[in-house]
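The same chain A turns up in both complexes below, where it pairs with chain B and then with chain C.
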Partner chain A sequence: MSDPLQSSSYTNVITSKLKGQEDLEFPFCDDSNKYEKLAKIGQGTFGEVFKARDKKTRQIVAMKKVLMENEKEGFPITALREIKILQLLKNENVVDLIEICRTKATPYNRFKSTFYLIFEFCEHDLAGLLSNANVKFSLGEIKKVMQQLLNGLYFIHSNKILHRDMKAANILITKNGVLKLADFGLARAFSVPSQKGQPNRYTNRVVTLWYRPPELLLGERTYTTAIDMWGAGCIMAEMWTRSPIMQGKTEQHQLQLISQLCGSITPEVWPGVDQLELYRTLELPQGQKRKVKERLKAYVKDQWALDLLDKLLSLDPSKRIDSDTALNNDFFWTDPMPTDLYPMLSRYNTSMFEYLAPPRRRGPNQPGNPNPRPTQNPDHHFERVF
Partner chain B sequence: MDRKRWIFTKDQLLNTPSQQNGIDATRELLYRQITASLIQEMAYKLELSHQCIHTAIIYMHRFYMFHSFTCFPQKQMAQACLFLAAKTEEECRTTEYVIRAANGCIHQAIDLKSEAYLKQANTLISSEEILLQTLGFEVNVIHAHDILLKTCHLIHASKELFKTAYFLATNSLHLTTFCLQHKPSLVACICIHLACQWSNWDIPKSSEGKEWYYYVDKNITFEMLEECMQEFLNIMDKCPSKLKKLKENKLAGTKRPIQDEIPSETPPMKRQRLEPISPAATMAGSSMGGKVHVNRALPIPNGHEQKLQSQQQSRNSLNVEASLKQKRSDHGNENVDPNEYKYQQVIKVPNISTKWETVPNIQFKKSIVSNVNNGMEIMENKSAGTKRPIQDEKYQVRPHQ
Partner chain C sequence: MSDNEGRVHFRVVRFINESGLKLHLKSVPLAAAAIIYHKFFRDNKLKDFDPYLIGTTCLYLAAKVEEQLISLRDVVNVAYRTLHRNKPALEIGDTYYLLRDSVARCELYILRALQFKVIFNLPHKYLIHYLKFLKDWFEPYQWEELPIACTAWACLRDFYHCSVCLTYKPQHLAVGVLYFAMLCLGVEVPYHKQAELKWWKVFAEDLTIDEIKEIIKDIMSVYEMESTINT
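Coming up: the complex of A and B.
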């Protein structure tokens, strides 16, 4: 039998046609040269990020380059997911994807265009704000941050999207004090039921280690929106401690830190945990008491805040509070009420917060490579941050 | 994103790039139908879902509003559309697998370093890029099928009505350019409307005195449905002969004989695992033998039940039940060899349409719906939260229309 590929004379026809693609016009996909790059401001999960300006409208935007990491498989599915999700999610507390731009395919780039996601520009990220000791959040302002964060999560979760990469660096805040969830590079829809009625199995290699919930660390692959809520809890505590509360070096170490704060992971507090893949394999500290409130008391004076933190940092994902219930927590409905961030943020000059030095400081992207965020606190290398 | 972007006027449809390049409108439609068939054929080899096929076909229709068949051959774009749709529908298939399917050697190992493979892979990836740019990266599509499912819930349609309408929706993608002319909500209504005509179902007005399609989209009128239905029937009428002609002329642009490929239209009732509609709807379906299902939780306008009863009687006296059964098995689906059937399905429709043109005035009602209002819940997202002073409408992102 002859090779079916060789026998097809079809190929020659189509490749010769492709050469004409230089003059193709795409009315819905503008050339990226309509923007002028101003500075590199970071490194996303799938490419570089630039601050740029629309030459015509003068609007400032963020341009995220799509990294063609596996050229053989065409346009990366991770980028497609982010685009697909962000096109659906239009909300005040989710970063706004303006458009997707391209460079022209020419013989000079071997007919390979580069693509950019164009986002609205946000001046700050929460990690940047928290690592600057001059920036002080009042209780009302912390409430406002958390309320907006939970509101964003409520919105994406009710649209059946998991963020899967909650961390302070992915929480953007505009100069007007509006919080935006960003970086949906790892996000995906969780609605799609599989055809044979089996539960969906997702990869558990998601979420930056320090913000990774215990179920993921134990190998759960049928996780729920609760994974984002754990991250929200870590970020909430960070509003007071000013640095990530559990900076594990390895997955094992991260579980240790979690046990020290939230108590031992046992089937008593978390029915069914013994069924998880890694429960037997990993060494879990025994006899630890739950000390969430006790240990955070030194930083967090507000009772309602401690109560909410305790509910967000629940070991058992099925008992962890969801975004809707969290928003109804008395924390947000007692004095001092959430207060606008704008007055506080406007006290600082933009230059102070704009991502000046590339690359932007971020938490670790890879497990096992923690690369801790530099903080003002000289004790930041301590295993226990608080 | 601008939803209107992908709705075109008749004038625009008569001035596409293909037509500017000398392909007439009829021929262009035929090419679109061929490409849709190629997509479907390849998708079966790749074991992709119906949802994925539908998405790929919509990409294809949209693509050829901006590019010509003379520059982008059907087979090339069929591959690219399916390759992309598989990614966006979370059913990703590798380049290698797609190319194997395209070459009809899905189970055969191929030399990944051969020049022929590299050329094809390169073409596939370039075409995907061109497709994405043409679509403006707008990869989310709303399918008439999804709205149809919701609407069938809403009107408590029988399983049979749903299946028929669903099949028509699939055909509308394969055979017509409805998805370029009308909003998916209208396409869904056209399919339900045609399915009703086809099998003599009648959906009564709601307790508010409104037609069922008002609850899907307020702008839909009876005239619109009639007009579009007629257009649909005309296209289906022409189709089989067109396909036959094609068979004779072997006009396909590929060297492979096209005969086996074109009529690969398979009824969704055979292949697709259909979602059960709702207990109420299933009940309605099973009560087809004459009883009328009434949802008791809902108010029924006075005299409605009486009317139904009298209709039932007239139905029995006319002995239409038997003719109905006959009719159903005409275009019916059970006990038919799928291979033999695939061609028939397309041809059957116009025949039946003439049937109900020649046998008018026997208006009987089958499995009747009760109250349409009830279904409104399905169309609106549930709101949540009590204390929060935020409008819940904000949370509704997935547009239904």
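Coming up: the complex of A and C.
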């Protein structure tokens, strides 16, 4: 090659150079030791989460570690997506990403720094609150939770983002009663395919099993925002039942539980379902009647709440209510009106996180690990809660 | 930046494009790669880095950011092949692992340099909208005959060879290449002379004819630089 630069070895010169560079003061990315860790508060999709304090400002934050071990493809795309999405989505009901920090590269970590996402700290998560029997939500407070949750979903969906991991543990609530959608580790941007355009093919391995909608369980890969709405329905019911309403052990079992609640999955109630990849492979209970309202009636006394639940837990994703329409549901516009959560929460001065709660409530089935051995599931006796 | 450095960057972006095309990357990730590259060298000195390592890493990172994933292995192999045309292809071995590791490390370094700000507002989507819009002003046969879209698109792609691409708003750049393409083809938007509002004002209110001229001057200078660089 004629160009001297091209023959300059694009290999060793650089490795050594970069090693040296790691030590340089870098104004753009602070050292994570500006925070002191106080406690581990959770396990995210791609790493541990800590409560920490800014040594200078004393601000309390949450630090989420980006797991880089065994990463063959450089910086994890899931973490990159989460960062991109959170930089884009600034909303009252979406967790706020403050900055990204790193540890210094030293010979001890083989010159590989660890990265942390720094978030505003929220005192509670919904799963933690619900598992504490002392915490009681009034109807107005439940409405406030759901209104904020749907508002957050409306915001992310109108920005063309799918959350893909809706569950009570990912819904944070500050001590002032502001709800924040969190953990965008599985989230991604989506496009609305045109008529003649190629359909989208997203990965099917998303959403924690108990909150996974029927279309995903049946192998749909061109899914829509409706997958998050199903999760919202599960969470809404949980506000009264206090435990996840459908705790399947396997995908097959989850579909069974769904059919028992929402009725048999057939092309009559859900046109086109027979085209889905796993429709014929999986065993679907026949002759089940839809009993959403009937079975939840024991917990939920409010007619409008039952009506909204029924619309959120629609089997056919194209008929499932969207966040905008849901926010206009009479549930939110009839007495008692949504009530501020602050007075109720101010009675508790300890953090409530699912991670810190007794182990009975921890979900067994993280996305990406669809077939846990039943022995890993401590919740056998919990399988039917209503 | 000295003229000489500008030429180095020109070559590296050409290398990014060539490698990227071999990897079947689309225009948007290619443009993003060039933007990351120029931003990096806006804040860092050329003498401190191997620009081809930075270029290769920009390509890899841009593909990730713009959701057209390519594997680290493919990037390393293709970049090596593009740089060393006369050598045999890269075999699995020490060199391969060293290169791979360099790119992976360099990716973290670039992410830090960018402060993890990897959302780029590119002119491509604006250009597509503007083209669709303009098409309806032309007679169908006229539009078919004139390669306005191709010329504008190619010009936009070429513009990323120089760091001046960072200076303009994406909407303005999209208008600029459109204007330039029509200038090259000797056509005007029909009824342009009678119009009260200039057509580009419809697309970008805050754009002035002087800025368009500025963009065109910069486009020309990119092509001038190309003519002084041997292949």
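The criterion applied here is as follows: the second predicted complex is superposed on the first by the 339 of 386 C-alpha atoms of A that agree within 3 Å, B and C clash if a C-alpha of one lies under 4 Å from a C-alpha of the other, contacts with A are read in each partner's own complex, and residues count from 1 in each chain.
Throughout what follows, a residue touches a chain if its C-beta (ideal position, glycine included) is under 8 Å from a C-beta of that chain, and two chains touch if they have at least 3 such contacts.
Bear in mind that the values here come from a model prediction, so they are computed numbers and not experimental data.
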Message = Just to be sure I read the superposition right, which of the two partners does A:Ser113 touch: chain B = first, chain C = second, or both, or neither?
response = both
Message = Between chain B and chain C, whom does A:Asp31 touch in the aligned arrangement: first, second, both, or neither?
response = neither
Inquiry  = If we overlay the two complexes on their shared chain A, which of chain B and chain C does A:Ser158 touch? Say first, second, both or neither.
reply    = first
Request  = State whether A:Asn91 touches chain B only (first), chain C only (second), both chains, or neither.
outcome  = first
Key: First, second, both or neither for A:Ile100, with chain B first and chain C second   = both
Task = Check the residue A:Ile77 against both partner chains and state whether it touches chain B (first), chain C (second), both, or neither.
result = both
Query = Which partner reaches more residues of chain A, chain B or chain C?
reply = B
Task = Look at A:Leu327 in the shared chain and tell me whether it touches chain B only, chain C only, both, or neither; answer first, second, both or neither.
result = first
Task = Please work out whether A:Ala189 is in contact with chain B alone, chain C alone, both, or neither, and reply first, second, both or neither.
result = both
Task = Take the contacts of chain A with chain B and those with chain C, and give the residues found in both.
result = 3, 5-6, 8, 10-15, 17-18, 21, 26, 28-29, 72-75, 77, 80, 83-84, 87-88, 100, 102, 111, 113, 188-189
Inquiry  = Quick check: in the complex, which residue numbers of chain C touch chain A?
reply    = 8, 11, 48-53, 56, 60-61, 64-65, 67, 69, 71-72, 83-86, 95, 98-99, 101-109, 111-119, 230
Key: chain A-facing residues of chain B, complex   = 1, 5, 49, 66-67, 71-73, 75-76, 83-84, 87-88, 90, 92, 94-95, 99, 103-105, 108, 110-111, 114, 116-117, 119-130, 132-140, 254-255, 273, 381, 384-388, 390, 394-395, 397-398
Remark   = Residue positions on chain A within touch of chain C in the complex are 1-3, 5-6, 8, 10-15, 17-18, 21-22, 26, 28-29, 72-75, 77, 80, 83-84, 87-88, 100, 102, 111-113, 115, 188-189
Query = Quick one: in the complex, what on chain A touches chain B?
reply = 3-6, 8-15, 17-18, 20-21, 24-29, 71-75, 77, 80, 83-84, 87-91, 99-100, 102, 105, 111, 113, 151, 154-155, 158-159, 188-189, 192, 195, 324, 327-328, 332-333
